[in-house]
Every structure is written in C-alpha cells, then in structure tokens.
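To keep things simple, chains are lettered A, B, C and D as they appear, and every chain counts its residues starting from 1.
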Amino acid sequence: MVPTSYYMILSGILFTIGVLGVLVKRNPIVIFMCIELMLNAANIAFVALGRHFAQVNGQMYVIFALAVAAAEVSVGLGIIVSIFRTRESINVDEMNLMKF
Amino acid sequence: MGNALCRAARGTCSAYIPGYLNAMPSAPILVFFILAAVAVISALMVVTNVNPVRSALSLVVTFLSVALLYITLSAHFIAAVQIIVYAGAIMVLFLFVIMLLNLGAPAEAEPKNKAQSRAALALSAVFLTALALAPLVTFSTDAKSEAAIKNLGTVSTIGASLYNPALPWLFPFEATSILLLVAVVGAIVLAKRRI
Amino acid sequence: MILSNGASLAAIAPILAVMITGMIVLLGDSCLKLWRQAKWVSPTISVLGLVVSAALACSLIGTSGQQLAFSGALTADAFSQACNIILAVIAALAVMGSATYLENRGLQHGEYYVLVLFSTSGAMLMAAASELIVLFVAVEILSVALYVLAGYARTERKSEEAALKYFLLGAFAGGFLLYGIALIYGGSSSIVPGQVGTTNLRALGIYLHQMPAPNQMFIAGTALLMVGLAFKAALVPFHMWTPDVYEGAPTSVTAFMAAAAKVGAFAAILRVFNAFIPISEYWLIIVQVLAVATMFGGNILAVVQDNVKRILAYSSIAHAGYLMVGISALTGSGAATDALKAEAHSAAMGGITFYLLAYGIMTMGAFGVLIWISRRGRDVQTLNDLKGLVKTDPVAAYTMLIFMLSLGGIPPTMGFMGKWFLFYATLQAGQLWLAVTLALASIISIYYYLRVVWVMCFTEPDENAVAPGRAVASGGVVVSLIASAAATLLFGVAPGLLHSLMDAASTVLRP
Amino acid sequence: MPSYAWLIVWLPLLGFLHNAFAGYLYKDLAARKKAVSYIAPGVVLAAFVVTLAVLKNEVLTAADHRVIVPLIPGLSPETPWINIAGFKANFGLLLDPLSMLMAMVVTGIGGLIHIYATGYMAEDREQPRFFTYFNLFIFMMLLLVLGSNFLMMFVGWEGVGSCSYLLISFWYTDENNAKAGNKAFIVNRVGDLGFALGMMAIWSVFGTLSYFGEKGTGVMQMAARHVDLLGNPLNIGVVTLICSLLFVGAMGKSAQIPLWVWLPDAMAGPTPVSALIHAATMVTAGVVMLTRCSWLFVQAPGALQLVGWIGLATAFVGATIGLVQSDIKRVLAFSTVSQLGYMFLACGVGNFTAGMFHVLTHACFKALLFLGSGAVIHSMHGEQDMRKMGGLKKLIPRTWFVMFIGTYAIAGFPFLSGFFSKDEILGSASASPWGNGVLLYGVGLLTAFMTAFYMNRLMHKTFYTDARFVDGELHAHHHSNFDEHEDAHGADAHAHEGANDHGHGDAHGGGTVHESPPSMMIPLYVLAVLSVLVGIVLGPTKIFEHFLEPSVARLDLGPLAEVTPLVPEIVGWVISGAIAIGGLTLAAMLYGSRKQTGELTTEASKVKNPLYAFLANKWCFDLVYNKVFITIGGKFADRVLWKYVDVRLIDGAVNGVANAVGKISGTIRKVQTGYVRNYALGILFGVVALLVGLLAQWTTLNR
C-alpha cells in the first residue's frame, strides 16, 4: 500500500502550486481556479488521512468541502460577471481604486 | 508533456482494475507516482498557461487525476463525485464564464511584476519546505489493514455515516443547504441585470 | 451533556429562528407582490425574527450548561447563546440602519435582508461550532453572503472591486483554513488514543489536557487554522483587505461586516484556542505577537487616513488586536497557581464577551452615524464630509462623539469598561507587559478618534461636502442610533447589568 | 435618615441634560440662552447648598466624620455595581471632610464662575453648548471627588479630561486651539495610564478599589493597618510602586514636570474655563488624589520624596517662566503650574493638610485672578497682550481693585489667604523629614519671591503705566502681535469675531474700555472677600487642620520625623511676609512708570517714580537688573526653560511622537497597494511566519 505520507506530500505540493498561482496570476478566474486547486489538495489530504485511520470522517470532510467549493464558484463567478459588465475587463491589476 | 498524458491515460485504465492493483505489490506505488506526476504537471500548467482556457483544461486534467487518486485510496464515491461535480459542473461553469466574457485570448503576456513573483516563489518554497520537512511526513507507515479500509468509500458507508443521527455529520449536512441557498440568492443578486 | 437531536434543535433555536426568518423573507419577497411593494415589510420581519432569536437566546442562556448538540457538531452552551444575543443585536441594528440608506441608493430589495440574516446565522454557527468542519461551513455561510453584500451596489466600481477583493482573498484564506483542518485531523492521531483522528474541539480539548504532546502536523494545522480565522478577524498581517473592502462596500454593509464578521471570527478563535489551552506554550507567543502587531498596525495606519470609513476600518483592526490580548489572557500563562489561572480564564472569557458586545454596538453606531448623514445617492466618505457637523446636525455629531469616545476607551462608555475588563483579565493572567502595550496602543488611537471629533465639532461646515444639511432620517436608523448610543453610555456606567451575559460566557470550561 | 448627598451629584447632571436639550425645549435663541443662564449656575449653587447641608447634618454628626452613602437613592452603597468574572466594585459616595471640602470648592467657586460665565458668554451664540459642557464638567468633577472608590475617581478623572478637551477647543476658529485640546488630552492619557496601572496594582494587592469599607475592608483601612488582602504585612516596594504610578496620573492631571506642557496651552479656552478647570478644580485633582491616598503614601517614603522633588522643581520652573511672559493669561497659567508645584511640595514632605489648604486658597485667588483677567480682556475687547495694555486702573477701577486683592493674596502679602497657606507649606518644607529642609525652604522662598514679583509686574503692566492703546479704537485682535512662541494662544481674541459672533465692536459702538457687567463683577467681589478672609479664618485658628484631620494620614517615620523647623513660626511669618513685600516692591520699582513698552529700556532717566528715584544708584541697579535679571534670568527662563526644556524637549517629545507615528503610518500605508496579489502575498507572508514560528516553538519545546 502507498504510504499516507506520499499522499500528504502530493497534497502539499498541489496546495503550494495553488498558492503560487493565486500570487502570480492576474485573471481572477484563473486565480480562482488556483484556489480550487488548493481545496482539492486539502481534499486529497483528508481522504488519505481518513484511509490511514480507517475512518469515514476523511471522506465526510471532502463532501462538505465540495459543497463549499460549489457555493463559492457560483458566487465568485457571479461577482466576476458583474464586474465585467461595468468595466469590460477583469484584470485584477486594474482594481485598485481603493488603496493606502 | 505528451508522454505524461500518455502515462496518465494508461494510469486511468489501470485504475479501474483494482484486482490488478492488488496483485502486483509494487504497482500501487507506480500508479501513485504516475498519477501524482500528472496531477502536479497539469497543476503547474494551470499556473503557467497564459490562456485561461488552457488553464481551465489543465485543471480538468488535475481534477481527473485527483479523482483517480481517490480510487487508489478506496474512496470510490468521492472519486465519482469529484468527476461529476468538479470536473463536470464546476469546470464547465468556469469555461462557460471564460467564453461568455470572451477571455480566451489574452491581450498581453503576464506576469510582469518580477518582485511579486520572486517573493511569491520564495515564500511558497519556504511554505512547502516547512510543511513537508516534518508535518506532512508524520505518517511514514500505514497502520491499517486492507480489509479495514475496503468498504470505507462505498456509497452505503458514506450514506450511513452522513445521515446517522449519532454522528456529527447530519447537522453540517443540513447547514450546507443554507450555504447553497445563500449562494443561489447571491448569484442571482449579482448576475441579474435588474432585480 | 450530549443532547438528543430533538433537544439539540431546541438548544439552537435562536440560530434556527434567524435562518427561518431568512427563508420567510426570501419566500415572501419573491412570491408576494404586496410584500415586495411595501418596502418596510422585509426589514420589519427581519428585525422581528432577530428579536425573537435574541429572546430565545436570553431564555436559554441560563439553562444551558456544557451542552453538546447534534452528536458533538455544535456546542450549544451559554457562550454560544451570549454570542447569539450579541449577533442578533448587531444584525437588528444593521437591518434598522439599512432601510433608508438602501432606499436612497436604489438598492432596497428583500434579498439584502435575506443575505444579512443568513450571514448572521453563519456567524452564530461559528460561535457554536465544535466540529471544525462545521466551523468551516459556518465561515463560508457568513463569508459567501458577505461577498455578495460587499458587491451589493452592483453598478458602483468601488463596491464591485470590494466584492472581488474580499472574495478572492477570502477564498484564499478559506483554503488555508481547510488545509489546517486536514492537518489537525491528521495530527490529532498522535494525541488521540487508538490512533484515529478527530476534529471535534471538545474531544481535542480533553485529549490535549490528558496528553499535551502535539506532533508537528498538529502544530502546522493550528497555524493554518489560525490563518483562516485571523483573516476573518482582520489581524495584522492578514488585515490588508479590510480598509479597501470597508471603503468600497455600501456603508450599511460595512457596518454589518465590521461587527458581525469580527464577532463570529473571535467567537471561533476563542473556541479553538480555548480547546488548545493545554498546549498554550506552543501558540501563546504567536498569539501575543499577533496581538501586538495588530494593535499597533491598526492604530498607526489609522493616523494618516482621511477617509472616515478607512479610519473605522483600521480602528476595527486595532480592536481585533485588543481582543487578541484577551485570547492571550485566556491561558493565564503568567498566573502562579491553578486557581489563579482559572480566575484569569473566566475573567478573560467575560471580558472578551463584553468587549465583543461593546465593539459591535460602537461600530454599528459609528457607521450608523455615517449612514444617517449620507444624503441621497452619495456616501459620506472623507473627513471633509463631517466638517462642522455639530452645527448642521448636532444630534448626529454628539452621537458620533459618544461612539468615538467609546472606541477610544474613555469613560463613562462601554468601550472603556470593555478595555478595563480586558486589562483586568490580562493582569489576572500575569501578563502585565501586554496590558501596558494595550494601553500604549490605545493612546495612539486617541489621535485619530479626536481627529474625527475635532472635524465634527471644531470646524466650519464645508460647502462642498456631502452632508451639509440635516439628513432625512427614517425611523429605523434613528432608533438604532439612539439605542446604540444609549447602550454605550448605560453599559459604560453600569456594566453590571450585563453580568449574567458575562458570567454565562465564563462558564465555558477551561480544558 | 435618608441621605441627600446624591443630590449634589445629580443636580449638575440635570443641568447638563437641560442645557444639552435646550435646543428642543426653547425654539428661540434668546429664550434658550436666558433659560440656560439661570439653570446652569442655579443647579451648581443648589448643589452647593446641599453640600453645606450634608456637611452639617451628615458628615459632622457621623462617627469619625465619615459616611458612605448610595449614589442612587434607595440602593445600598454596598450594592455591587460591577460584579463580573471576579472583579467587584460598588458605587457610593464617600462623604468625609476631604470630599466635602472639594465638593464645596467645586460647587461654590464653580457656581461663582458659572455666574461670571453667564455674563462673559452672554453674547456668544454657542452659550448653551458652553454651559452644557460646563455643567457636565461639574458633574464629572463631583464624581471624582465624591466617589467612594478608585474606579469612580477614574471615571470622573477621564470625564473632566474630556470636558476640558471640549472646552479648550470651544472657540475653534483657530486650529491651534484644537491642537492645544489634543495635546492636553493626549498628555493626560499618558498620566492616566499610570493611574490605571496603579489602580490595577492596588486591586492585586488589596483585592478592592474602595477607599473605605465595612469592617476595615477598604484600601486605606488596610493600608493603615499595614496589611494586604490576605493579612500579610505590606511590601514597601510594592506600595512605593503603587504610589509612584498614582503620582504619574497626578502629574498628568495637575501639570507637573514633565507632563505639564498642556496646561499653558490650555489657556486657549474661554477664560471661565481657565478659571474653573485649569486653576480652581480639575488641575488640583492630583493633589486631592494624593491626599485621598495619604494612607498609602505615608507608607512609601520613596514615592513621597519623588513627589516633593517634582513639586519643588515644578514650582521653581513655573515661576521662572512666569517672569517673562507677556500674555496676561499665560502669566497666570505658569503661576498655576508653579502653585500646583507648591501643593505637591507640601504633600511630598508629608503635610497633606497644607497642600489641601493651598488648594482651597489657591482656588479662591486664582479663580479671582483668572476671572479678573477675563474681565480685563473683556474690557479690552479681546486683547491679551500686556504690552498693549496699561493705565486701565482709571478706566476700570473695580476690576483693578479685585485684581489687586488677588495679586496680593497670591503673592502672600501678610494676612491675606495666600500668606497663610504658603507659609504653612514653607514651614513644613523647612521641617522636611527627608533632611533636605534647607534646600526646599530656600527654593520655596525664592519661588515665593518670584511669584510676588511677576504678579505685581502683571498688575503694573496692565493697570498702572500709561495706556499703550488708544481708547475708542480698540478692535478685536488677532494674535499676530504675540511672541512667536505664544502665537497659539490668543483664543479669547477670536471669540469676538469669527464664528461666535461675539461682536463687541458693534455692540458697544466703537470699542471703548468699559467695566464688566454686574454678573461678572459680583462673583469677583465674592472671590475677593474669600481671598482675603479664608486664610486668616481657617489658617491660624487651625480650624482647617482639625476639619481635615479625619481624612488625612499622618506621616509617621518615628525619630526621622522629629525635625524641628528651621525657623520658629513667627519668624517664618516675618520672612514670608518680607519676601512677598520684597517681590511686590521690586516689581513696583522696576515697572512703576514704564511708559511705552512696559519692558525696561536704557531710557531709565525718564523714570519718575519717587520711590524708584529715591534709590541713588538707580542706573547701576537698572543695569544690574537688565543684565542679570532680564538678560540672564529672563533669557534662561525664556530660551532655556521655556524654549528648550518645554518646547523642545517635552513639547518636542509629544509632537515628536505624534510626528513619528504619522511618518511611520505614512510609510507603512504604502503596503496597502490596493492590489489583490500584494494582499495575497501579505497573507502568505503571515502564513509562513505563523508556520515557521509555531514549528520553531515546537522544536524548542521538544528538543
């Protein structure tokens, strides 16, 4: 059987890639995709740990995380669409009306 | 890239044959590495691609390989949900919005902010190192037997746990409905031209 | 005590009342034409529902001991009821303050109140959650509604920008929160007998008490969990979104967001760190660093602002820092004996609860004044808009004066008593230096609160400012302002009136 | 018999509420102002009457002259006000000679100042607002002096600070007034931090904040028995710490070095404010607090010595700076600083009674002087610069007369009130238990001499010399004619134009010098009578000492306290009197007939004063004076003490911290770029910091 730590490290790597994406991308949709990547990484950790403990709990967490991700997506994309309507652009670098 | 995809495809096939996995002791590790490589590479492509459509497609690949990883973890139901919800619904929504806003072809290359990118890379590296050095490798061995985990991921196990009033999952499940309601109302408020 | 599911429903009746009110408003507003046309119906029903919720919480607060509801998913104890009361009060003030403001800006829709109610219920769940995944879901209920509310003025660029910033960063922090939960789940195995993980705070508290030996995964999980909650509570350096979002969001939303999200976040922080007290030697120093950074960061950044909403945003950051001082006092780390530690713990619990209420009321009040004097179509934004307010609208100016003094911690106001209780708890906990730091930081805060007072009271009205005339005030915002000003003074003079609330909060056990 | 003491506190609050809502009660401005001008002084004087009745019926008849009564009628004083999470506080009124004395000062002299203010503020459109703050101040001050525990004192303490802020900035056409208000507030917050910490320390040692409680459970009772909460003997080090922290609070409120910078600036407020808050009542709160805590302080010789030294330094430096000021109110402000130093000097040598006696006499004559100077300024249409005055004696003889009494009283002219209180302080300073009696006495005498000197200088420059203005052509002044370091303080000038529509020029048709209205003059007469009589009635007869005895602890240091005064009492009187007369005379000689500038010039030959001319060696004296006193002494005070120590060092510290905070703020706000990416980077930075920090902590703990 594959050791749990393998899965944990994979999830760490995926999570970090997601974090990195949030930091370097400019398109809010892609930034948001990277956030989804982070959630997926956490899910892998949950499932792997659940298997490690032979507990169903790990998979329960994933179900809730999925629901949360779905909710976030609908609202997040709604915000993005709404912004595109007034600005005709969604580059986050143009969004600094408010600062300092 | 092509090679990786090819291997991913082979991994996909083999993942549907649990017996094959169990028969060859070294195979699960191999499968894991293949899937992990696909996941990581496609995740990296999400970040490095300039075109959001390609990013989205790469993300689909990541989601699929994650779903296969769930299968290797005996989480069959979760794997199915991952494909249906993530790779299916959510990613379609993403693509839909990208197409709707006509963001397929970016006008300019990104990113230009080098200081930000360098800092991001450095901090991410530290973050990963700090996590991976000790916390993530806490479990070097697997304690549980195959038998104990065999039925963990079936629909019946999950359903029985989720709706068991003696377990603490029923309440958050109900609370999730409020969350989804909020999301529905919110999406309508935001996206409708006139309320 | 573990409640049956029926009893659990009764124990969380205040939360259910808010949720059900939200659904009633949603259905009524979308199905009944008359309801939709009479603009006052939705806010009235919402306030009624919140009053019912607060009343239920009041009636339950005395009876609930350490109740575990829904097989451990929630802790329906006195502290959660106290938070329910605080949040219901905040939400009621927010709803009352919103109606005119939204009407003036053409944003008056039933959905607004639905979202306010649901996010209130999310914050209430945060205060009650004892299973970390419930906490996560609750955080998301609160946040998703707030993302939408921040962008509620959909045609305004600032509002949209606020929504996007809040959403992206909130989801980012949410990712850390989830990963933190995963790591705690994994890391708890080493401390849980029989090698299985748990994310139940009560269980974790008990296990950690028996064997305070977390592994690195657990510690890393604690760090990431702290990140997720610190983002919601706007602690430095997770605060950067706060001023931008507060500035951009419609003022009525800002008020609600500033008060409710912070109360929810601190209730959750308190729950988590209360369970983790046995391993406080690991995290205490971090909490203290966060507290100091947040107090000074918020106060120092506020000094040079010219935008009132930003000033209040930074001030809310500083107040989060004061509350973190209370979290640090929870541990009683410097107290000599166990009895003294327990005393410091109950003092800190009571102090934080009082401060949360005080903070909620002061913040709602201060933003309420801004809402009140906003004229049709435009927001009060800069200090210029407040010039000479004492002449154009003396009642608004004096009400604001009360809130500014209260935020600055000057007696006889609630803000003073709140700081006093935190100060007291910190000294009980033997953390004198932290108390002194708190006092020093609040001296800085006097600079900018006085600046607001000075602009209002000691300048001539500016012709170009937004609010030269007396505002057309509706009943709701006036009632909410008078109520919050009166409460600020009353509980500042006689905080003893709230002793049952604080005593109830301090029944939360030290693991 | 139910107590009526609660009325003392609630009456001013009623007045406050009436004035605050006067706008709703009376639609017409004139009616509103009229109602306010009756109600505001009325409630305070009514409180004064109640105070007298309570003193006679309740306090003097009680055993050991001490009763604790409820703040709200019907409740027991033992009802816990706060009883939360282990912290308890009751609220009640402590009625004992000390609190009654202060209540009398606050309501009595405060009432007179209220009456005066009705005249002074009569033409101000914002008069109701002024009296709103004024009555609120009286309420807070009464809470401070009558409260039965430290927390109530603290509430009053902060409350008077807030009112002081609102009143200093009352005439706000000048941003400097607001700055003065801010400075006062913030400097006071530093002191309050000391007070709050002291209070916390008291709580941790004694487990209560009440001064006195049933069965000896109060802080003072425990301190008198030398025990703490658990019955263990008191640790002198801890008590010294507590007392030092409390004294830091007192320093802030009572404008002692180094927290004194705000008081001279606070003169920006209307003159009745200066008289009530910054001379008679609020600034003496520090002395009241020390006296209230005398049982603690007598246990802590270290803290007492600190009090003494600070008091002495403040008295001396304040007087020195007073020598060279040319703004009439600033002379009085520095004189107040100096006199407050005297009071702390008395406390520092363990004679709290003498300190309180000086509080009482000072309240009379300093209120008189401030109000008198207000009358002068009123007559001069807002002019505050003494160099632009002169010859007013003929024009406003009644004002001159009361100012004359006040000056002689503060100077310590024999048998006026200042003479007795100051002599008492000097006597006990000379018998200092700390062995520094000669120094304290010497510097104290020098200060007394300077006080007499600068006060008579003020009188001469204002009233005696030829007028340096043209009567009939006075107009409201800006402060541009002030010295550069004084330019922030011409507030009264602004009242007369600016937003408040004071408009004397119109009202009196051309701005001639005129005597003030009766509403202003009557309080002045009363205060003048008090300034003459209070000292001789209460001082030598020892009435005051016996009266205050139950409220004050005696310093008991065993053989150490057995220090005989340097000089017998009678000789002391002679010396004090001589010093006062000497100071007055010197000023009279030097400023007797200066015509144009009021400052000494080389044109000494024009001097016509016979007494001055009588001195043969006048030129030489002039020269010496010019060189030594003005050039060296004056420059020292002006350049070094005022400009360097005050402006640069202390002021600089206050402003410097403010500027530094502003600069830091301006720098770090740039982090808030408004870009999501940067904010996310900030979050990641925090994540890494937390993660690495916690893991490092784990490694440390599990090594």
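Just so we're on the same page, contacts are C-beta pairs under 8 Å (C-beta built on N, C-alpha and C of every residue); 3 or more make two chains touch, one makes a residue touch a chain.
Please read these numbers as outputs of a predicted model, since none were measured by experiment.
More contacting C-beta pairs link the chains of A-C than the other of the two pairs A-D and A-C. Between subunit A and subunit D, the centres computed from C-alpha atoms are 63 Å apart. With centres taken as mean Cα positions, subunit C sits 26 Å from subunit A.
Note: centroid distance subunit C to subunit D, computed from Cα atoms, is 41 Å. Centroids built from CA atoms put subunit D at 71 Å from subunit B. For subunit A, residues that reach two or more other chains under the stated contact definition are 8, 11, 15, 18-19, 22-24, 26, 28, 31-32, 52-55, 58, 60, 64, 67-68, 71-72, 75, 78-80, 82, 92, 95-99. Multi-chain contact residues of subunit C (touching two or more other chains): 133, 137, 140, 144, 147-148, 151, 154, 163-165, 168, 172, 176, 183, 186, 195, 216, 219-220, 243-244. Subunit B has residues 116, 120, 123-124, 127, 130-131, 134-136, 138-139, 143, 169, 172, 176, 179, 182-183, 186, 189-190 in contact with two or more other chains.
Taken as a contact graph, with one node per protein chain and an edge wherever two chains touch, the assembly is complete, since every chain touches every other chain. Within the complex formed with subunit D, the subunit C residues making contact are 164-165, 168-169, 172-173, 176, 214, 216, 219-220, 222-224, 226-227, 230-231, 237-238, 240-241, 243-244, 281-283, 285-286, 289, 297, 300-305, 343, 346-347, 349-351, 354, 394, 398, 405, 410-412, 416-417, 421, 423-425, 427-428, 435-436, 439-440, 443-444, 446-447, 450, 454, 457-460, 494-496, 498-499, 502-503, 506.
Residues 130-131, 134-136, 138-139, 143, 165-172, 175-176, 178-179, 181-183, 185-186, 188-190, 195 of subunit B are the ones touching subunit C in the complex. Every residue of subunit A that touches subunit B in the complex is listed here, in rising order: 1-21, 23-27, 29-30, 32-34, 36-37, 40, 43-44, 47-48, 50-56, 58-60, 62-64, 66-75, 77-82, 84, 90. Note for the complex: subunit C touches subunit A at residues 133, 136-137, 140, 144, 147-148, 151, 154-155, 157-158, 160-165, 167-168, 171-172, 174-176, 178-179, 181-183, 185-186, 189, 195-199, 243-244, 247-248. Those residues of subunit B that touch subunit A in the complex are listed here as 28-29, 32, 36, 39-40, 43-44, 46-47, 52, 55-56, 59, 62-63, 66, 69-70, 72-75, 77-78, 81-82, 85-86, 89-90, 93-94, 97-98, 100-101, 103, 106, 110-111, 116-117, 120-121, 123-124, 127-128, 131-132, 136-144, 146, 148-149, 152-153, 157-158, 161-162, 169, 172-173, 176, 179-180, 182-184, 186-187, 189-191.
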